[in-house]
Amino acid sequence: MIAGIIGAAGYAGAELVRLLLAHRNITGLVLASVSRPGESITSLYPNFLNSGKAESNPALAKFGKDGATLTTPEACIAASDIVFGALPAGAGEGYAKLCLERKISYIDLSADFRFGDDEESYSAWYGKPWQHPELHQHSVYGLPELNRERIKERAAAGPCIIGNPGCYPTAVSLACYPALCKNGGNTCIQRGAGPVIADAISGVSGTGREPGRNNHFSECSDSVSAYKVGAHRHTPEIAMTAAQMAGHFVHLVFTPHLGPLNRGILATVYIPLATGTLSARPQSKETAEKEAAIRDFYLSFYKDEPFVRVLPENIYASTNRVRQSNYCDLSVHLDHTGTALIVESAIDNMVKGAAGQAVQNMNIVCGFNETEGLTALPALF
Amino acid sequence: MIAGIIGAAGYAGAELVRLLLAHRNITGLVLASVSRPGESITSLYPNFLNSGKAESNPALAKFGKDGATLTTPEACIAASDIVFGALPAGAGEGYAKLCLERKISYIDLSADFRFGDDEESYSAWYGKPWQHPELHQHSVYGLPELNRERIKERAAAGPCIIGNPGCYPTAVSLACYPALCKNGGNTCIQRGAGPVIADAISGVSGTGREPGRNNHFSECSDSVSAYKVGAHRHTPEIAMTAAQMAGHFVHLVFTPHLGPLNRGILATVYIPLATGTLSARPQSKETAEKEAAIRDFYLSFYKDEPFVRVLPENIYASTNRVRQSNYCDLSVHLDHTGTALIVESAIDNMVKGAAGQAVQNMNIVCGFNETEGLTALPALF
Amino acid sequence: MIAGIIGAAGYAGAELVRLLLAHRNITGLVLASVSRPGESITSLYPNFLNSGKAESNPALAKFGKDGATLTTPEACIAASDIVFGALPAGAGEGYAKLCLERKISYIDLSADFRFGDDEESYSAWYGKPWQHPELHQHSVYGLPELNRERIKERAAAGPCIIGNPGCYPTAVSLACYPALCKNGGNTCIQRGAGPVIADAISGVSGTGREPGRNNHFSECSDSVSAYKVGAHRHTPEIAMTAAQMAGHFVHLVFTPHLGPLNRGILATVYIPLATGTLSARPQSKETAEKEAAIRDFYLSFYKDEPFVRVLPENIYASTNRVRQSNYCDLSVHLDHTGTALIVESAIDNMVKGAAGQAVQNMNIVCGFNETEGLTALPALF
Amino acid sequence: MIAGIIGAAGYAGAELVRLLLAHRNITGLVLASVSRPGESITSLYPNFLNSGKAESNPALAKFGKDGATLTTPEACIAASDIVFGALPAGAGEGYAKLCLERKISYIDLSADFRFGDDEESYSAWYGKPWQHPELHQHSVYGLPELNRERIKERAAAGPCIIGNPGCYPTAVSLACYPALCKNGGNTCIQRGAGPVIADAISGVSGTGREPGRNNHFSECSDSVSAYKVGAHRHTPEIAMTAAQMAGHFVHLVFTPHLGPLNRGILATVYIPLATGTLSARPQSKETAEKEAAIRDFYLSFYKDEPFVRVLPENIYASTNRVRQSNYCDLSVHLDHTGTALIVESAIDNMVKGAAGQAVQNMNIVCGFNETEGLTALPALF
């Protein structure tokens, strides 16, 4: 199967290249760029250069004779069996339309197709309407742990559009799902009043390849700060997903930070509980037992998920242990009073938070093994 | 005046050395170490070496002829006019006692004297009782913004003991103070139900100089994770301080993280408000105005503080902008619904979070200019 | 085939685990540790944990039922078809002996088998004699680009011992080989008088997992320094290899540095040339042409090598472009006078500099495809 | 005295601001920018913001009422008693001319005035002629350790122009000076044939504040690479200075690298010696003694220098130990054969490599204490 990538010059696009080169069901790649057609992927990303003995890495043959040269989006769509769009918000709808017309599926890594048919939310946060509202009927929000069956159904009905989730929403939603899920069989988590708070930190690759002061090494190395507090566009996406999980509106507070790491998101999610003992004393034995019961529930909730790892007690979710992998690591904790469930959630923002999840969605859409191309284990260091 | 530092071989001790060398009221330093008497500070910290032309840096003359050699705590106390203890919890009480007997003040950077007379809290979290409970009558919790007058009073009454605050408690408490303060003149912040949540990240210098897996470059660089969730010993200290500010018990949730930076703490503090509009829409104009009013209140609340900077709109507290300085930078925000006050608080964990605040306390105790030795401006990069 | 790893708890061992899990000819792993038998690899390296749906990652089945538990070296050897030793110098000879007795090959990542039969060099630099000198007759220095045929011959003759090269020697030797090679067909590089100088910088993973001040984040982040100048033990290994390449003694100067990166070695190698124009003016046209000719020679010299990439003009060897891969990237330059050939050589110290090269050696020894398990392309970021 | 800074918006300019705020002979600052007049320094660098209690930091009063607002270069010159230019090559000559016309001295941090009257070298490397060749008669190359008396003489004769040295040239030249100096009283260093090789690595602040791919965190963090090999513009400056030191042409090879640190340059300088024993054995006792003798010579050579620290045996020059200070740390070594003198030289590229040295030059020009404003000791971490 031939996969097309529009936006291959950006970071998410380049990560798709890396993952699809190792994917056994993909036999060829067609790369495209809106702004840089004619350049080669290996001049933009010399990490993809071949060695003298070219045939020694058969994966690189997927670039084709001229495959390392970026083409136009239209030519890419014409030559592909499935297309990924790694583009800024608002840039992908037209390509999605072209794909459907060509009877092929389109996996969109921007925010354009993450809102189902709720154009009002999209336009309120993104400042513009949809260009092709009718397309959104054909789209599914591609968080497999939540919507796997819906994705399969939609794909079974013909070419489809997947709205690949944002990086923060992926980390936060997977942390919340067992606690919020109305049908999860949860008897140990009694939610209390108050908002769900998601405090998250992202690595700098999340700012993209365009150089700016926010990704200048001298201004972001050895430092941490928040940004867009109360205003980040992932807020409605997280809230929408939480509402789907819970079956009702969820009050969500979300604060993103930027930290001096390359890849990774760590989200700390606070979910208020109905019981506990308000005091300034250390955790009681009851609280420790409640924590263990909730951890067990998380384990059983995700027991069939290939990419979620609920960690044992005393192991904290850490971004370096999911680096370059599609895993989401979750560690489950209670505060000292037992009134706040605290879930630490770690993903690689470029993999489970972008390109890896897109490949996972492609695997589901195409009926491939869901983990194909995504089984490389993370290195710790 | 001669200052003594017990525990000069550790990071907080070395930072005290650096600051006191530049302090114009300190004419000599006597350095001590429990475990390494006989070694020289310049072999442990060659950054303090002199150049060929020794007299070109008069500050280094403060080491004295043999001053660069670490002595015993007892010899240090005997030779000093004021003593700093930068020691593990439980190790400093005896030295505090010796100091009082010698009629000199003792500034303790451990947790031993941070709990007033509440030995129960201390022993519940630190796992051991006090050795000299009577001493704690003479101690003050040295957060100048909260207790400046109490420190002055205690010092006016004779030699005293200062419990220098922990790094996280400093960042979190200064973020909370205007919102919690019962006498602050606050009319714009109406607190709502629910806990105050403090989510914080610290640089690796906070782990101290003892090498371990938690500070191994290959395991903590390019990564973020939480630790001691629900169990960090700074929890009761923050709760106690919040209660003093508010005049009543404050339910506090605290989650510490470790990040790949050298110095700095960034705390994100969530304070629930009584009003706001629950929705998944962007901030309303009313919310933006409320945010501006609260920022103005913070500005006026801290208008007489030399080391607190309430930042203008659109500038976020960032650890690199306080690096090597005694500033605490605060930026004030509301979530999109206007129901959560979010304060970002940045300090250098080794300065305002440890040695700098200790010098500030010394300045108050000794009647020096409170900012003496602490006016160096931070470099951005 | 079952592979055993003695020393799996260390960094090189863990990297072998990661690579061999992805190797299609390896069906099972037996992990051993001298100091930590009984512990599990997943408690030491939670990055290797499985998800809830264990069967979704078949690679992890290679750990076997109890395979994640570290056994003793002896048990490991007894259960394996080939054994890797990732141990300190002097610790592996006994295990090599056991392997040969069991008729299986042993790939040693320490320095013990890198010196052919030159025990004198080994003992002069490592401070101890060999325990089993007779074994060294059966060993080959495992730099495939230099010794591929010798490795094949030795393996064809029965179980063998491979002395896997050091990290610095790999980067430096591959940079030198075309210029030094007596039989390389080189007509464009006329060597001049003076030493070959290798100035190299390594990431911190090279210090191993044992925590120490040299790998403490706060002491090595944001800093660069040299170490063991004139005394690093890789010096004789590089000199010996250069002599083999050149067919005569090569005067080598080697200076290692430690830099604030996790993985990677960048070596800058200076080779004096016989011609050029001494001046302080920019490169002449002739010099630029000479540089291009030498680059072309490097390209043709390595044209059959699967893991050496000679980079085009204007692309510099950079450690991030080989990260987690087995590539050695070389960029070829002349100084402004044209009298010094300057080769930049980048490897991942843990892959081509250790575990990856060991797997490459296993592939050659066992007659597998030489690139099997090593074709994953590096991510740039 | 009022100091003007043209180019205050850049990194070197901002570092001058930081240093001059702490300088006791400077009573006011006038900041200027060619491209950003009208903006305030505190909006560009919020690290310079004041706290609520403005008077608590008298240094900040130096900004004046509107002093935080950047003015034009012409207005800056008109209001200042001395002017610093922190501008790109070719942009400062006109301002230098204006300063001399106003009878005030001009300290230039660009390359424009580093070449004495050798316009040919300048134009060969910088690709353009001088605009005001006559000015260069009035300039001195401001490396105080080499030219202190010449600077004083020139300043005694009236307003002057100082060509502040480049960052790499400072680190390399101070490493070489004792070994090359024709009048140094050197009897222990017998130079041999072959080039002086300077292999250096710089932190990312050296790329300036303009964002680009070379300073994008995701492309330079966790990585090292060379750049401009054989073509870096600091090459002729180093060669010219070496020739002044030696009294004859010195063949110099210079290779710059970029590393993942914020501040700092580490230069490794190789100087060939006439004697030694070519072998692949460890250092002999004679070599160790020769090394100690050369170290002693370096110590005595620099015994009157306030900012050069020749380190004791076993302490390596390290960039973190000079961070934010004006020190140049040198460690002296021999290779294992004793035929190559290897000097490690560490500076902060923004201080001794730029703004600090400029202040040192101002101190000399103005007759202030040479170390005024530059005595803050570096923190290790």
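Per-chain numbering from 1; labels A, B, C and D assigned in written order.
In this section, a residue touches a chain if its C-beta (ideal position, glycine included) is under 8 Å from a C-beta of that chain, and two chains touch if they have at least 3 such contacts.
The shown structure was predicted, so the numbers you read here are calculated from the model rather than taken from an experiment.
Shared contact partners of subunit A and subunit B are C, D.
Looking at which of A-D and A-C shares more C-beta pairs in contact, the answer is the pair A-C.
Averaging Cα coordinates per chain places subunit A and subunit D 46 Å apart. Note on chain placement: the centre of subunit A and the centre of subunit C lie 35 Å apart, centres being C-alpha means. Among all residues of subunit B, those that touch two or more other chains are 11, 203, 205, 218, 221-222, 260, 262-263, 320-321, 380-381. Those residues of subunit C whose C-beta lies close enough to touch subunit D in the complex are 121, 124-125, 193-195, 197, 199, 201, 203, 218-219, 221-227, 229-231, 235-236, 239-240, 249, 251-255, 257, 259-264, 266, 268, 270, 272, 278, 280-283, 287, 291, 316-321, 323, 331, 333-337, 339-340, 342, 344, 346, 380-381. Within the complex, the subunit D residues that touch subunit B are 11, 14-15, 18, 21-22, 45-53, 56-60, 205, 221-222, 262-263, 299, 302-311, 315, 320-322, 324, 327, 350, 370-371, 375-381.
The residues of subunit C lying in touch with subunit B in their complex are 11, 203-205, 207, 209, 211-213, 215-218, 220-222, 260, 262.
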